[in-house]
Amino acid sequence: MLLGGLREEVLAANLELVRRGVVVYTFGNVSGISRKDGLVAIKPSGVPYEELTAEQIVLCNLDGRVVESNLRPSSDLPTHIELYKHFPNIGGVAHTHSEYGTAWAQAKLPIPCFGTTHADYFHGPIPVTPDLTADEIAGEYEKATGEVIVRTFANIDPDHNPGVLVAGHAPFCWGNSAGDAVHNAVIVEYIARMATHTLAVNPDARPLARALHDKHFFRKHGAGAYYGQGRGGA
Amino acid sequence: MLLGGLREEVLAANLELVRRGVVVYTFGNVSGISRKDGLVAIKPSGVPYEELTAEQIVLCNLDGRVVESNLRPSSDLPTHIELYKHFPNIGGVAHTHSEYGTAWAQAKLPIPCFGTTHADYFHGPIPVTPDLTADEIAGEYEKATGEVIVRTFANIDPDHNPGVLVAGHAPFCWGNSAGDAVHNAVIVEYIARMATHTLAVNPDARPLARALHDKHFFRKHGAGAYYGQGRGGA
Amino acid sequence: MLLGGLREEVLAANLELVRRGVVVYTFGNVSGISRKDGLVAIKPSGVPYEELTAEQIVLCNLDGRVVESNLRPSSDLPTHIELYKHFPNIGGVAHTHSEYGTAWAQAKLPIPCFGTTHADYFHGPIPVTPDLTADEIAGEYEKATGEVIVRTFANIDPDHNPGVLVAGHAPFCWGNSAGDAVHNAVIVEYIARMATHTLAVNPDARPLARALHDKHFFRKHGAGAYYGQGRGGA
Amino acid sequence: MLLGGLREEVLAANLELVRRGVVVYTFGNVSGISRKDGLVAIKPSGVPYEELTAEQIVLCNLDGRVVESNLRPSSDLPTHIELYKHFPNIGGVAHTHSEYGTAWAQAKLPIPCFGTTHADYFHGPIPVTPDLTADEIAGEYEKATGEVIVRTFANIDPDHNPGVLVAGHAPFCWGNSAGDAVHNAVIVEYIARMATHTLAVNPDARPLARALHDKHFFRKHGAGAYYGQGRGGA
């Protein structure tokens, strides 16, 4: 089995989506990339998670051509590929229709950074894309979805903001690996839940002050990080 | 046991309702039809799900007469029968009092299509019936419930909109089979949850643009479908 | 063990409270009465549910005197006793601080009957008591809680409205037996959830029309009932 | 293993956080103190709960110096230490980012006492701290977090109000022991949920009258307590 390790990792990441309660039925998909081989491993389209095996994980090249599989890849593959092409440091992509994250995407509003949970992961609000045009929808829709995400990040660092809300659709998240992308997808759902409740309790709630936002983000990321057991700490 | 396969399928579909968290106690019921035999298999009235067996699933003809059972059918049988009579392509009906779907039915508002999750299943808002009249309630109430659903679909295609909210009551959903009807009932609950949160976050949220709504619906349905592993795809 | 059967039933009903997710820690308590013996069996005060045994269920007479136990009864015993004294047909009482039912009690609003789920159990809104006076709180507080419930039901039939919200406190429910009281406590929580979501979606939602409310209530209760497998049906 | 009993207790308390659903991933941490030894036992930083062992629980003195461990303590240690230094009766501290408690912290609003569930644990609203200044954030941030909590309690008795919302961050709770601190953290989440729903149902909801608030608090605390099986009762 070609790239068996990557496939096992992508399988495990897909199953983790289910375990964390961020997908229902066949919604959602996770992929991982081998940059060295230029190959993406992704969930097959419409296969129930409970039946999924590593063999069924579909390998594709960056043109979207299937390399080794009898199954079709997730129909969202072209979106994943756009992200891999333009965000050179990412190793995995996770797409969910998680309950509250999707609600914010449907509301077409970015999620403001209301607290340090958010600031631990995102160095700014979780952005929302503009709407696709009718032409983009009628054309290569899934590729256009990737393109509008990339445009949304023209002035945002994808390594410091590992996810986005696609307007009227749902979140796409990414990370160092397929597993890390799923971790970020779970966090986006959690942040979205808390932001919803924050506004319910106080419609005038204000985003976190910049100083505190920076403090929490850089406590966990970059050269000055001192959270966890890693070597980068103070 | 007459139509044992259908009964087993209807039993499994009823139990799936419980597993998916869309019923509490004996609320809810699922039926399936054998079009060839003109017989409907439905949950008995008021029997706890945990005790339900395939033998207890009640077989009835389309006049509502019990064919083989010591138990009474669900009191909602006449509603199911109206749907089978007027929606000729459906093979199963599922009724729940799921938490958020019922809330929308109680609010007497159709669920707008706020996103692609909705558009993947419903080609339009999830409709809500008008109120029954006092005469309809006093007469054959459960049959009248079916009739008001059918009237609500006078200009809506039930094959493209597999569910409805009965005003002041709860959702009824349908599908190709009993299992498919349950699948749609779970989706209606999920859509209802997300629509509720969408409005909480943005009271001015707008329905999805028609082009994106059509794109998602026809990505999964009809001759041009290309989602899943079926043969209809691009 | 005196009245072992009743104690086992009250134990099972208390554990069912936990299983149904309507209590956290030691909150909540259930009792049952033997009318013949004039004895009430109730959960001991502050004992964790996971350790509870039938032997620990406390037997008391209707003066609140403990008949057989080393443990103190729930501090809410005097409330239960008032209900048994004034509602002669009830066999069990369940008190919870369930999440949404308590929220309505804290909001000091009756729960309007927005749909047929509610109408299947309550023949009217779920009432809320007036506040206790400072004197009542300073005096025999738990007894006064029972008295204010009884006063609230001066013109309401407790057999057709098996529960109440104590203002600023939480629900008390009752039924034919301890188990039935728990069933009603779970239903009150479910109705409270749905009513909350109904108002979130439509702040102008209106209570169910009287005809439909009556239809559903009497479909399940009284001489004309035809729901379930009982003999009273049409 | 030094202070093995305390470490086991702190381990159990950390795992209880997970079991009660108030943490996601590595968020949250619990510590306990041996006042006699002047040592604090705390969760290591960034270690997944499912892998945590008693050996990994980090022992530190009240200067924050690690006494026995290869692992770094939770980065929130300096906050815990401030609380131990200024609240002399507490034996444990629990920090979570629980969903609703964090939402109130993000909303920067104290949780009003809307009902007796709250009054059973807190003798007043659950306070929210003022914002930290930019200087405090830039300096010893985690210590400053402890200091702002202590300042918030200048006129509040921490023994009667076992928790606080740190503005823009999340709850910190405490108690007689690590386990008791976790118990209070779970209760704060439950109170926060119910307060959110109370305001959803009735935006004009009023705090509990003082007499009822006192009644419930002192039913469970102090010399006149009569709840539970303890000796202090009436």
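Which chain is which? They are A, B, C and D, in the order written, and residues in each are numbered from 1.
Criterion: a residue touches a chain if its C-beta (ideal position, glycine included) is under 8 Å from a C-beta of that chain, and two chains touch if they have at least 3 such contacts.
Treat the numbers as computed from the prediction; the structure is a model and nothing was measured.
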>> Return the chains shared as contacts by subunit B and subunit C, ordered by label.
In response: none
> Copies subunit A and subunit D touch; is their interface built from the same residue numbers (over half shared) or different ones?
Replying inline: different
> Rounded to the nearest whole Å, what is the centre-to-centre distance of subunit A and subunit B, using the mean of the C-alpha atoms as each centre?
Replying inline: 33
> With chain centres defined as C-alpha means, what is the inter-centre distance between subunit A and subunit C in Å?
Replying inline: 46
> Residues of subunit D touching 2+ other chains?
Replying inline: 195, 200
>> If we use the touch criterion from the header, which chain pairs count as touching?
In response: A-B, A-D, B-C, C-D
> Where on subunit D is subunit A touching in the complex?
Replying inline: 24-27, 44-47, 71-72, 75, 97, 99-100, 102-109, 131-132, 134, 137-138, 141, 168-170, 195-196, 199-200
> For the complex, which residues does subunit A have touching subunit D?
Replying inline: 114-117, 183, 186-187, 190, 193-195, 197-198, 200-202, 205-206, 208-209, 211-212, 215, 219, 226-230, 233
